[in-house]
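Note that the chains take the letters A, B, C and D in the order they are written out, and that residue 1 is the start of every chain.
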Amino acid sequence: MFQIRIHGRGGQGVVTAAELLSVAAFAEGRHAQAFPSFGSERMGAPVVSFCRLDDREIRTREPVMVPDALIIQDVTLLHQVDLFSGLSSEGYVLVNSTNSFDELGLGEFLRTFHSERLLTCPATEFALEHLGRPLPNAALLGGFAALTHQITLDALDRALRDRFEGVVGECNAAAAAAAFQYVIDKEEGLVRASPN
Amino acid sequence: MTRKPVHFYQVGSFAVGNRLLDDENRTVQSNPNRTNSIDSGHRACQGCGEVLGARYALDAAMRASNGQLVAVNATGCLEVFSTPYPETSWRIAWLHSLFGNAPAVATGVAAAMRVKGKSEVRVVAQAGDGGTVDIGFGCLSGMFERNDDVLFICYDNQGYMNTGVQRSAATPPAARTATTVTAGPEPGNVFGQGKDLPRIAMAHDIPYVATATVADLHDLEQKVERAMEIHGARYLHVLVPCPLGWGSASDETIHIARLAKETGLFPVFEAEHGKVTGVSPIRRRTPVEEYLKLQRRYAHLFGPTPRPDIVARLQEIADENIARYGLVTNDTEDSVSTEVTA
Amino acid sequence: METPFAITLDAGTSRANHTGSWRIERPLYVDRLPPCNNACPAGEDIQGWLYEAESGNYEAAWRKLVAVNPFPSIMGRICFHPCETACNRVQVDDAVGINAVERFLGDLAIEHGWALPATALDTGKRILVVGAGPAGLSATYHLRRLGHQVRLVDSAEQLGGMMRYGIPAYRLPRATLDAEIARVVGVGVEVVVGHVVHDIEAERRAGKFDAVFLAVGAQIGRRVDIPAGDSSKVIDAVSFLHQVAAGDPPLLGRRVAVYGGGDTALDAARTARRLGATDAVIIYRRNRERMPAHGEELEQALGEGVTMRWLSTVDRFEDGRLVLETMRLSDQGFPEPTGEYEELDADSLLLALGQDTDLSLLNGAHDVVVNDGVVEVQSTMMTNVDGVFAGGDAVPADRTATVAVGHGKRAARGIDAYVMGTALESAPKHELATFEKLNTWYYSEAPRTQRPELERIRRQTNFEEVVGGLTEENALFEARRCLSCGNCFECDNCFGVCPDNAVIKLGDGQRYQFDFDFCKGCGICVKECPCGAITMVPERT
Amino acid sequence: MLRQIEGSRAVAETVALCRPEVVCAYPISPQTHIIEAVGAMVKEGLLSPCEFINVESEFAAMSVSIGASAAGARTYTATASQGLLFMIEAVYNAAGLGLPIVMTLANRAIGAPINIWNDHSDAMAVRDSGWIQLFAETNQEAADLHVQAFRLAEELSVPVMVCMDGFILTHAVEGVDILEQSVVDGFLPPYEPRQVLDPKDPVSIGAMVGPEAFEEVRYLAHLRQMDALARIPGIAKAFEEVTGRASGGLLRSYRTEDADTIVVALGSVLGTIKDAVDIRREAGERVGVVGITSFRPFPAEAVREALSKASRIIVIEKAFSIGFGGVLATDVALVVQGADAKVFSVVAGLGGRAITRRSLEDLLAQSARGDLKSLTFLDLDRAAVDRELTRMANTRRSGPSAENLLRDLGSDHGASKVKS
């Protein structure tokens, strides 16, 4: 079972992200479970959502407490919420940012992690470019697909087009694809950067 | 509202029947084949005004709907004395649910009839003043606001009579009830409280609001007929004296209701979409004393230490009504035109 | 429908619960005596025939009327209608115009030629009626209806008595009078006119009459001794009116004085005006309040230019000049001489000081008790002599045509009982329906219809009828103003206001009945009955 | 068709397939998404004929439902928590009148202190109202139970409440097979009311019943629920025949064949419990689970049967009767009395407190060690409680405990949802 925890702020589509993730996985014949952290939060407050992916029935209803992957939609949360709770050094971390982890001041904390499982991605920029609105969701999911290979870009593309009709679907899909490509490129760059 | 002129002086404009009129111009109550929606054998007190009001209103509604009527009843005297197992006095389709929900239940019945394509079936909800102005007020306001196709009839006997005469938001000032005893500087119910539900109903801009009393059958039946011509939320507020709660003689019920109107204490009028469209002017203007003295709930105003000051305040209320609705007209001493033109 | 136990109940099942057991008092339908009926000297069931008239059943109304009084058209003109004075409606607005409706019905009957009810089978009894005035004609009519043979004799050439010879044509057109008298005679009466009865006993024996009815009226004008010069013309008003009626009016000159304060004085004065008198002055020793004549008659007279000299007596009459003494009223209201005199020019003086009865025909019947010039009678109208009955102006009573008609009817019943040897049973009198017993809320006030009056000027110059009749609309209107005091008129109030549906409506004309299985005895029906036809009585214990 | 959708959506679409004729709506979390979706379907004409009525309160919602059902319409509404309590008078009335209304209850805690998160206090508050109460373990079951609920309600003329855990199920997106309209139509015949308001056949519904017949009326209501016990398995079986899916029924057992310890629970927590049980099984413990679907009527026989071999019965429930203990535990203890099994009452997940697999494993271990108390409050912050107790002992006016606890625990603990 692969468990994802998504951190963001109310209004950024945190809940939708988890749902889209589950829908994409479901489309590929996997069992998926997505659910929000149930709160009385309003726009702007820190929000969390969860997603579980598995090849067998998912029975548990507990919140994701030992995530395999973290998606952080808003770096301003870094120093406000206990984002990394339960995350092992085997885990994946995807952060929406134009800065590197070092620049975010996380270099030290993540030193024990697998570097190829850590990624910052300028999702908001992709969003602004393709949607014209700062909604990093789709782009982050594209990045997540490239980073973890838990879902394919195709499945994500379909999920997005199902969820958002017409142009909006197009734009979201485009943002996702752009981020996906960005990650692939960056990974290759990484490989090149470390010859041995 | 159009009224048929009545020229038959002997029979008068006000008697229940008139052998000189064509059948269709006679009252429903004069018809031997009237529904008797609430039939004999009920357990209402001697001289009960509420059962009279209910039969008047529902029989008229039955005629107006060609018998296609369903009535919803709130908890209260009317419900208790009409349907104690194993006998019911109702001859019409009737449902009792709770004290405070008659308007909502009626909304449900109306919705069901609509969805079932039985548009010919009309729905009436009825409650006492407690079930209307107090505990049922929320549901009533909701039903009004949604303009549901329900005629809601309040039989106002100005208190919780079923539970032994306690004060409601419809209890008039100075009246004695078990919870507004005649002690202290302001004996009985205090001034400056209570709800004027007809006006609150009008504020909802519903198609039809009217008041009536059991003393003027013609007026009451005409208002029910008018209400039944309209679809949407309608409200009819009927004053029904309660011999038990008011401390009046059982044979005075209609007389007292008449005086309530003639003094101006109970304005009889009708309104459409929030605007007053007609009033029943006072026929023989009467000072409030005549009305009050017939009821023991006001006895403390005329006792060993009379309270002319309080009586005067009640007279002021009557005068304000008279001014607000223009209840006194040139015809006020001339009943003929009072009834013929309105 | 499969309904759940106890929660759902079948319609109307509570009729199994007889709430009549709650009752400590029970309502009771009653009939009370309407004040109009109570006041009618002729004994008419006024409310009864008004009830028919309300529905527009005019013939039915007329039949109810003539069952008692064969002269609706006449009464509708000359009756002083005490019924209207007694009418409870006076306390709401104005009395119902009973008299006008009666006249309307009477005229309608004449117009349509409605016939009086058929007479009963011949009893073989023969009755002699002396005097064809209202009393005699009324008695004749009722006796014929009872199946008796009647011989009607009168000294005059035409029937009608005072109705013809005392009441001027402008108040009672001859056509009307003739029509209604003809209708009575038409039921089969042996009429003998121009025949003066000198000995009643002799005539009775000769004609083998089982009974006689004396209705000779009061035809003799009372005279007082007034010093008068030869040239001064003094006539009694009764003779004057008689001569006018007979078509042989005496010459009175242009200035006519009438002495007296009764209706005859007014009739004489108004007739004089019509005969061309420029001045018609009535001299009366009391004042207007104490004048016996009926108010509306005086109004009409004044309207026609008749003038009044109140508080005056005629001292003497000489050379076309009347000397009058001025009177004053004592504390008791009696006129007293003042010793002051004044003069009044007059060509003639008519005396209207009352009438006396000519009882010379009783000479043979010495036993008949006569008192103060009139005949004493019992309630059956029989004198103290077997088989001799009397009525009208000849017996002690108000001298009006209506009273006379009542006498005639009562005498007829008395005579019938006497000749048939049966006891005269009188129906129990109901309690009077007083105003307090009504709930007038249910009646709307309505103005009384004023009878159209002919222009005064026309009245002064001819004998055309002064007071016009009602149109049908007005008559219907008047009839429907009746409050039906004391008697159910099926307004459905009791049926409608019963909280327990304990009143059963029996259908048109059948009234109602209480369902004591359910009546709780609240009494609302009693309180709300407009005409006071329900009462409460204690529950039987 | 199997789709990855939110639980609320699945329920709304399934309810629509049942062709309700009158639907009353009043918003309250976490039920709101359901009536929003149904309302949209009515407005879009996808569900027709149907009267969708936005009422002014839950009291009105149930009251309108009463009128509509009495007039012969198939009627549906949904609520939760305070909403259920606000309509409770009408809830009892609907059952008393025998009106086959179906209502979704998105289970949520009851204040004060106000709390929007999941537990079963609301359902327990109307346990004795005369409604049938069915609990769903998954969103698939929640959807399926509604179809069965309408059939059950209308066969018996009894209202049915389908309970699904608020947020945990209503807001969870997972695979749910939404039935075909033809399948539902085949399974659920048109509503034939047992009694109906009809001017042509007038009756008085809702008479006043005195001592002479009231007990009988109530006893007959009890018999109808006993009747329901007999029908529920049959309806579930019929449902399985047309859908090929086992949903509903009275209860379901998991790995109880040889179990000496059996955990009993209601609703969605059963999934997490099963995971925990599997793990304990691997550790060699003979543990099983019994999930109760029909809480009212309570399947006494079936429960006794299912627990007959167990020596330790652990009843985990998201509600309790303050002053005594578990509500379900009390019912279970009553039916197994006589057998030599000990019943442990575990109160867990109140007000949305997550019930974690870890805590459940610990609980089972504790039970295996034999030191499980008869009444346990899972994951109770004992320290915070003790501090409040001392505070109350020391100062007379210590203020409301809830606020004090929050202050003590610190806002992030108090308000945040995710804790490790």
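In this text, a contact is a pair of C-beta atoms (placed from the backbone, for glycine too) under 8 Å apart; a residue touches a chain by one contact, two chains touch by 3 or more.
These numbers were taken from a predicted model, which means no experiment stands behind them.
Student: Count the C-beta contact pairs for C-D and for A-D, then tell me which is higher.
Tutor: Pair with the higher count of C-beta contacts: A-D.
Student: Quick one: chain C and chain D, Cα centre-to-centre, how many Å?
Tutor: 93
Student: Please compute the C-alpha centroid of chain A, do the same for chain D, then give the distance between them in whole Å.
Tutor: Comparing mean C-alpha positions, chain D is 34 Å from chain A.
Student: Could you grab the centroid distance between chain B and chain D? Build each centroid from C-alpha atoms only and quote it in angstrom.
Tutor: 45
Student: Can you compute the centre-to-centre distance for chain A and chain C, using the mean CA position of each chain? Integer Å is fine.
Tutor: Averaging C-alpha atoms per chain gives centres 116 Å apart.
Student: Where in chain B do residues touch at least two different other chains?
Tutor: Expected reply: 82-83, 85-86, 88, 90-92.
Student: Send over the residues of chain D in touch with two or more other chains.
Tutor: Expected reply: 97, 198, 201-207, 209, 213.
Student: Among all residues of chain C, which ones touch two or more of the remaining chains?
Tutor: 6, 9-11, in rising order.
Student: Each pair of chains that touch: what are they?
Tutor: Between chains, contact exists in these pairs: A-D, B-C, B-D, C-D.
Student: So in the complex, the part of chain C that touches chain B is made up of which residues?
Tutor: Result: residues 6, 9-19, 22, 54-55, 441-446, 477, 479-484, 489-493, 495-497, 499-502, 505, 507-508, 515, 517-518, 520-524, 526-528, 530 of chain C touch chain B.
Student: Within the complex, which stretch of chain B touches chain C?
Tutor: Per the stated touch rule, the residues are 6-20, 26-27, 29-30, 32, 36, 39-44, 46-49, 51-52, 55, 82-83, 85-92, 217, 243, 249-255, 258, 333-336, 339.
Student: What part of chain D is in contact with chain A in the complex they form?
Tutor: Checking each residue of chain D against chain A gives 4, 6, 30, 116-118, 165-168, 171-175, 268-272, 274-275, 352, 354-357, 412, 415-418, 420.
Student: Using the touch definition up top, name the residues of chain D that touch chain B in the complex.
Tutor: Residues of chain D touching chain B: 21-22, 24, 49-51, 53-57, 59-60, 63-73, 75, 89-90, 93, 97, 197-199, 201-210, 212-213.
Student: Spell out the part of chain D that touches chain C in their complex, as residue ranges.
Tutor: Residues in contact with chain C: 96-98, 157, 194-196, 198, 201-207, 209, 213-214, 216-217, 220.
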